[in-house]
Amino acid sequence: MKSPRAITIGVTFIAGLYFILDFIVPPTLPGASIRGVVASTVPASFTAKSGDFPAIPYQLSDQGNMRPQILVAQRDVLGKPKLASTPLRQVGPGSTATIRLGPFEVQRVVGGPTDSVVGADGIWHSLKPGQTWVDSATTFPVTNAKPGMTLYIEQPNAKIDQVDPGSAVLLIGGKRINHRLGAHTVAIKLSRYTAGSEVQLDELKAGDTVQFGPATTFADNRDTAAQFNLVITTMAFGIGILSLGMVHSRQLIKRPKGWYTSIFFFAAIVLGIAAGLGKYEDPGTSSRAFSDFMVMRVIAAVSSAVFSLLAFYMAAAAYRAFRIRNGEAALMMGSALIVMLGQTPFGSYLTSWMGERFSAFWLPNIAAWILRVPNTAMFRGLIFGIMLGAFATALRYWLSMERTTSGE
Amino acid sequence: MILFSGLILWKIAVAKRNPEKVFIRRIAGLNAIDEAVGRAAELGTPILFNPGTDDFTSIQTLAALGVLAHVAKRSAVYGISIIVTTCKPIMVPICEDVLRSAYEAAGRPELFHASDVRFISTQSDLTALGTAALMVDRRVASSFLFGAYDYTSLLVSEGGQLAGCMQIAGTADYYQIPFFIASCDYIVMVEELFACSSYLSRQPVMLGSVAGQDFGKLVLLGLIGVGVLLSTIYGLGNPVNGFERVFTF
Amino acid sequence: MLKFLARLDVVPRRTIYIFLLIAAGIPFLVPIRLPMYIWKETRSAFDATQVVQPNKVVAICSNWDPGSQGENWPQYEAIVAQCMVNHTPFIVFSVDSDPVSPQLAETVNEREAKKYGCVYGRDWVNLGLTRGAPLTMGAIGRSVKSVFQHDYRQIPTQNYEKLPLMRRVRDVRDFSCFWVVQYQPDLNWVVFLDPNSRVPILFACAGIGSSGYYPYLSSGQLKGMVVGTRGAAEYEVMLRDKFGKRFDDRELRGQKLVVPLAFGNLVIIVFIIAGNIGTIARRRLEAQAKVFR
Amino acid sequence: MTAYWAANWPIWVSAFCVIAVYTYLFKDNALYRVMMQIFIGINLGYQAIVQWRDVLYPQWWLPMIDGFKAIFGGPGSPWGALWSLVGVIGLLFYLQLSRKYAHLSKIAIGITIGIGAGLTFKSQFGQNIPQVLDSFKPLAPAVVRPVPRTVAHLPGSIYPPTLDGSLAFFVTRNQVIANEVLGGVELWRTTLPSTSTGPVTVKGDEVDVPSVGGAVQIDRSTGRQLGIHIANGPQPSPLPGKPQSAIAVYRQPQLAHGVELIPNGSSVQARATRNGVAEGVYTGDLLWDANYPEPIVSVQSFDGVALISGAHESAIWEIPAPQAKLTLRDYFDNWVSVITVVCVMSYFFFSFRRRGPVVVAASNMGRWLLMIGFGAFFGNTVMTRMSFLLDRLMFLIDDWLRPFWHAIFK
């Protein structure tokens, strides 16, 4: 019993710490960062080798729309494989990536069908061994380039060989310093008000203020952290189904009054699953039509009807409960009636006879004033309390000071 | 952030070392609780307690359980039983546990068997209506509605009002408070609920954090005072607004 | 007289239901128009959406579902109508909402698009649903296309031939304003979406939670707010004032619902007051009875 | 009629669902209970599939499978296999349902609680610090007027300096100076062969300065002189004109084009160019007025600051946002706000003994003020509930009954 509790405290602390650090740790390591005004830069470069062909050098700079993109295999939201662009510092030497240049429009084809091409910008493009033409719309290899096509040059599944992160000349305190970047250095371009954003060396111009420093893992892994949080919280979803299912199966076994509703519950789950599966079919199929029908005609109708039942409940309960029993209730009711009337067109009818001079006393204006001044201030008083309460609760949970169940 | 967290942690540490030293003022709602229990004793009817619509993962429910323990202790003195209704099956053993230990501590274990912890339905509105019906059927004299509430708050409290109960409600869900104000005799609002619970349970962690929050509020209040003064002198573009950068991450 | 008034103390539940149904139902059958008073926060929301910045889009987080459609549907319609009548392109997505939300939004978009001749992909894109707030909010602010790699119709967002609009939507800096249409919009948008808080954030919320957002309006964290059906109706009035005939209000719900809403509210107010009169009358009667005895 | 049924049967299903729910108003009945269970069941089943297909399958299952494939020689990164650990943690949740191992589920719950706690700090601070700042309300008209603050000093320029990105080029009689405008760091300065005759123009990586001897070409990043263009011959010096005004560029889009900075001799006036830039401010209103030590050559604005240049020195001013002109009523509102905040906060003090009549009065006042706010909550709640009912009524009348009516009495 002792060790699971220690583990729980430990993981709770670490999980909380990660997300606190995620927000307060700056994007570059504080001690090892340098800041200055850019005088000039040498962009990063690398070579990529595919198979037995000689390694091809690339320079990460914008030359005639041909800035190389480094693409690594990933999954998209729907689970389909895709290539995602990655910064150079995240792919070290030895890793595999697809290098893509372009796109450009073909103006003229020179030589063989796939040999050399003149772009619309008048620049010659030719393939080196290991590279292929790729259609920019479909990203499929093209064997026969024609004028008018929009193409990429791609080196698929190449091994990244030598990496040079580049360098920059910075003006710091009146001195010019040549700063060579490390493999994991990020460049943050600073501006007057914004927090600064990561840039590549070739995007920097003379006069920009920049901060160089080793990347902290937090910024790079933000998306993974979000994904982890999402996956973990979603996994708890099944608990609700299971516990409701247990309640209903118990009803089916014990058969108390009204047990037959549980049969409908299980039947409805099957219908719901069918509707859920149909959601992912193509439009026009019958299962998709079934799914749409269930969602728009059944779920939507019932859930909005259930919510609207509350209006009836509330009308009756408000009538019966809302008797002035003390000064507090009277004050509350006064403010409630003004806000209710002020929000309807009747409010202006009732009081607009007072004329423009007394427009401050029109019901809608009083209602607006109540909401904007006393309500705002009162809510603010509450918010400050709630904020501190949330801090205290978060702290207690984070440091596992709270007893979470009565079992302990 | 560090300042506020530090204040809270410091107070918790103080409270852990010496819980007696931490002062929490007696909240008016507590007197009302004792009065309501006394009223039920006079009329000789049971008390109804509803711990809200959430389960034990909510701190409001935990605070409500603290109040339940207190109500059980008071009612043990007068020898009256308690009906608890809930919409979470998982709350049933927990409430039973609280009742049993409270009655045993007061030396009246037989009262536990006279009490009744009822799970009515997983749907909070059906539970609310069931609770309201129960109050009329059993002629409950006093009802306590503590914990997290959703839109069903008025359904429960209206039933209690029909039954002529003395009702005390406590919740931190501020959107439901107006309905309780309309229909209940006394309301323990927002943070009062937690303060109330920590006053009753004297748990050092809770006590400390309530005290720490108070110091935090004092700091905020001081800040607002300085800010109002400066902005009255300098107009809206006052130098304090430069603090924004200090505060935000 | 006193006896009659005392009977107001105990009006049966179902009588109230019937009054409510009649009062709210009549305006549907007999069209009545009432003048609208336009609230400041609705106007500032309207103005913020109206500021057309070149190469920017209006972003709408449409998180409403059938449960809250009574209020959010008219609001969403009015916002979409404003974008379309202006020919301001917009993108719609849902975060952590009911899975039905994108579908509901798209129904409205398509109907409005027919009125104003708008084309999917050029004038609007529906990006579908994603999850994981509040961290996803920050991710959307950093890069829209990495969060939404496909739109609602499964077209890749990088496919600029089908979705030319997505070419200019990169991150939060490309939003001219940001709407959240939801029962109770999440205040975390204010914190997580845009760390430099340049984008005006506008809420379209149900009346119930609206009082909680006024502090944030006052501090300027929210630039505008549309409250409930009333807000939607005001929005339609403003659209009519601004665009006249160009604004096509067929099938819009705001104006249609606001009059029955007024009548329904009136019924509740009247019953609350009547109930209190009844209580006073009954107490008087009881007091009299005591005196006579 | 057949056509009617073929098109409208889904409406009838919906209408049936709505009415079945509404029967509950009359009496608690079996139809309603069954309907509720069906609704809950369908929703659960549907949600389960959606959660799997939208979240778990693409974000957890596929990366995990890819990771395992990579371990056995497939492409991609083998780190994905670590997602299987996440799956194990996720499964721990389900141990809640067992009595024996329920304590293990606390590990998984602990992780979610930890994440939630970590996020709370950020979200609470981000939401509420602006609230604290906004509670600083002036209670009386200000004594001190707002003035721009000088954030950096820059060299002087006899012609309006040219801005390009974060560089500004200043031209003196015989020098060109490139200065960065964020911190005021000088990048380079170069002496011209002859007297300058106009401001710098930027052409890509090259800047041109017109001078008596022709346009001097200078490298943008080093300041090296590349040559002289004498195609157009010596250029005449332009007449010193009146410096032009500039529109203040703020970071808030709603202030765009709202404030004009007008140079006037050796001072700058800021005037509103449209109504409502701030509360109570109208077109042409003077917002502030600031002096500069010498006659002003030009005023430019970018990124929330203004670049004011004179012949001997220039300065970067942080321009104050337009301030609302408060009326007596606004001050009244401010008093109400401040008192309400203080009273409500003092009501929620628990660990201090209440001493003195002021404190007691304030906290009692707090409770009364809370009631006004709660009244507003109540009013708004009624409105929302009503709207939801009307939405359904509208469906029943407009979508269901009306077409049916028309189909019968065609």
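Labels for the chains are A, B, C and D, by order of writing; each one numbers its residues from 1.
Note that in this section a residue touches a chain if its C-beta (ideal position, glycine included) is under 8 Å from a C-beta of that chain, and two chains touch if they have at least 3 such contacts.
Quick caveat: nothing in here was measured; it's all calculated off a predicted structure.
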- [ ] Could you run down the chains that neighbour subunit B and subunit C together?
- [x] A, D
Open item on the list: Let me check something: if the centre of a chain is the mean of its CA atoms, which chain is farthest from subunit A?
Closed with: B
Task: Dominant interface by contact count, named by its two chains - done: A-D
Task: Rounded Å distance between subunit A and subunit D, as computed from the means of their C-alpha atoms - done: 16
Task: Approximate Å spacing (C-alpha centroids) for the pair subunit A, subunit B - done: 37
Task: Centroid distance [mean C-alpha coordinates] between subunit C and subunit A, Å - done: 24
Task: Overlap residues in subunit A, where contacts from two or more other chains coincide - done: 23, 76-78, 193, 227, 229-230, 233-234, 243-244, 279, 295-296, 299-301, 303-304, 306-308, 310-312, 314, 316, 318, 320, 322-323, 328-329, 332-333, 336-337, 340, 343, 371-372, 375-376, 379-380, 382-385, 391, 393, 395, 404
Open item on the list: Give the residues of subunit B touching no fewer than two other chains, as numbers and ranges.
Closed with: 1, 57, 174-175, 178-179, 181-182, 190-191, 210, 217, 220, 249
- [ ] Could you check subunit D for residues that touch two or more other chains and list them?
- [x] 25, 36, 46-47, 50, 55, 109, 119, 121-122, 125-127, 130-133, 135, 251, 338, 341-342, 345, 348, 370-371, 373-378, 380-383, 385-386, 388-389, 391-392
Task: Residue ranges of subunit C in contact with subunit A within the complex - done: 11, 13, 16-17, 20, 34-37, 39-40, 65-70, 99-100, 103-104, 130-132, 135-136, 138-139, 142, 146, 148-150, 154, 156, 159, 161, 195-196, 207, 210-212, 214-215, 217-218, 227-228, 230, 258-259, 261-262, 264-269, 271-276, 279
TODO: Report the residues of subunit C in contact with subunit D in the complex, numbered from low to high.
DONE: 14, 17, 20-21, 24-25, 28-29, 48, 51, 53, 68-71, 73, 99, 129, 131, 134-135, 176, 187-188, 190-192, 196, 198-200, 206-211, 215-216, 218-221, 223, 227-230, 253, 256-257, 260-261, 264-265, 268
TODO: Within their complex, state which residues of subunit D touch subunit B.
DONE: 28, 36, 109, 121-122, 125-126, 129-130, 132-133, 135-140, 142-146, 320-321, 323-324, 338, 341-342, 345-346, 348-354, 370-371, 374-375, 377-378, 381
- [ ] Spell out the residues on subunit D that touch subunit C in their complex, using ranges where they run on.
- [x] 25-26, 46-47, 50, 54-55, 119, 122-123, 125-127, 130-131, 133-134, 251-254, 256, 373, 376-377, 380-394, 397-398
TODO: Spell out the part of subunit A that touches subunit B in their complex, as residue ranges.
DONE: 23-24, 243-244, 247, 310, 313-314, 316-318, 320-323, 325, 328-329, 332-333, 336, 382, 384-386, 388-389, 391-393, 395-396, 401-406
